Amino acid sequence: MGESEEVPKDFIKLKSEKLSVDEVSELVISPYCGAVSLFIGTTRNNFEGKKVIHLEYEAYTSMAESEIKKICRDVRQKWPSVKHIAVHHRLGVVPITEASVIIAVSSPHRAESLEAVMYCINTLKASVPIWKKEIYEDEYSWKENKECFWANSEK
Amino acid sequence: MGESEEVPKDFIKLKSEKLSVDEVSELVISPYCGAVSLFIGTTRNNFEGKKVIHLEYEAYTSMAESEIKKICRDVRQKWPSVKHIAVHHRLGVVPITEASVIIAVSSPHRAESLEAVMYCINTLKASVPIWKKEIYEDEYSWKENKECFWANSEK
Amino acid sequence: TAALRQVSVLYFARSAELAGLRSEALWVPRQVTARQLWEEIVKAHPRLAVIRDQVVFAVRQEYVLLGDQLLVLQPGDEVAIIPPISGG
Amino acid sequence: TAALRQVSVLYFARSAELAGLRSEALWVPRQVTARQLWEEIVKAHPRLAVIRDQVVFAVRQEYVLLGDQLLVLQPGDEVAIIPPISGG
């Protein structure tokens, strides 16, 4: 009954439908693991005092998937005990309080999955070609992650 | 539209029914927050080569709830931007792969909720009076968290 | 001839198995050290002696080590025997 | 008289708004520096000039800065204009 009996899997999905926390957590749960850590990015209702109506995401889908696969590979090098990794990112319109991204990682013990989730979201923000437009009442703005090294330095 | 419009809340529950990741994450989601971090403790199928049939949890319920409230208070001191905190712990029989504990924390930005979740589960293991019995095929064992300072030092 | 108080003693996990019960009312001195209280309880349930080095008390739901500090007990106070915890 | 190759240029987010389209086929030199390729693209879509200091390329889905390194392009290669990302 070795840990090798269950092959580690990566579950990567970009989709326009509402994301499900239950679905993503079920993907990574494993009888060989005692820990699942998750991160959910949700839509805030305000930015610097401006009321946010909703967000719109677009992606360079094929490259985004391959960049997320790279993140998964890095996670497995850094934390070899990690079992399953799931990264679901929503595209198109995302209403306030709904999830734009859900990341879940399972591992036998908790430290690895917690650290891996933190690494995944930090690295996703720095390297995965996805863009967010914030729609206010009478204007909009393309956002720039502070983790993106080629973003305008003044931001 | 200040952040004060939504009062921070603690949701603490010990219960014998199956825990729901969706339910716990919905409790903490807030329009003022961009981040929800979760930790799920699940039941492993093996311990040192022995096959685990299921787990059984019991608690000193009233004190467990008050110790969890203390953890929530500490979290709010350490990370003042944290909005809502939910801690659900299951009691009684917990089958393999089902959740024994789910912790969720929301915050405007992600670092706080990730760090707070890690603090919550680490501190829960060290201070909340809950006990786990691991049932094997023909024996059982009371577990001891390594975080519990009065546990037998040889363990 | 110390004044006696009736307190509620709670047993959990392995201590409940060893004591053979989950709670009982016990008469104990109003002023007693934690260590003395433990000895009183072991007198009533000798099988508890084996976990002596692996338990703490919770008195009125606050942790207390089995040391020489004095407990001042009120009638009805809860004293719980707390074996090593394993929640999470 | 450099050999020309037809590549597929993709525009995203603000660069798609400025260029007014999401993709097109462009004839570009087979050997060209990233910076020269950017200038070619700006010639076709002058409004892109404003984001010059805030974009990188992805060539065959790998990031490339707008510097002096030589790109060797094959017919059909994907070259994407990547404004600052904001996923998550």
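Letters A, B, C and D mark the chains in the order given here, with residues in each chain numbered from 1 onward.
The rule is simple: a contact is a pair of C-beta atoms (placed from the backbone, for glycine too) under 8 Å apart; a residue touches a chain by one contact, two chains touch by 3 or more.
The model shown is predicted, which means the values in this text are computed figures rather than measured ones.
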Seminar exercise, completed: Leftover connectivity once chain B is excluded is A, D | C
Seminar exercise, completed: If chain centres are mean C-alpha positions, then the most distant from chain A is chain C
Problem set entry | CA centroid of chain A to CA centroid of chain D, Å | 27
Problem set entry | Whole-Å gap separating chain A and chain B, where each centre is the average of the chain's CA atoms | 22
Exercise. If you average the Cα atoms of chain A and of chain C to get two centres, how far apart are those centres in Å?
Worked result: 49
Problem set entry | Overlap residues in chain D, where contacts from two or more other chains coincide | none
Exercise. What positions in chain B touch 2 or more of the other chains?
Worked result: 41, 121
Exercise. Which of the chains touch, listed as pairs?
Worked result: A-B, A-D, B-C
Problem set entry | chain A-touching residues of chain B, taken from the complex the two chains share | 1, 20-22, 25, 29-46, 49, 51, 96-97, 106, 108, 110, 114, 117-118, 121
For this session: In the complex, go through chain D and note every residue touching chain A.
Result: 10, 12-14, 53-56, 58, 61, 63, 65, 80, 82-88
Exercise. Considering the complex alone, what residue numbers of chain B touch chain C?
Worked result: 41, 57-60, 62-64, 66, 89, 100-101, 121, 124-133, 142-145, 148, 150-152
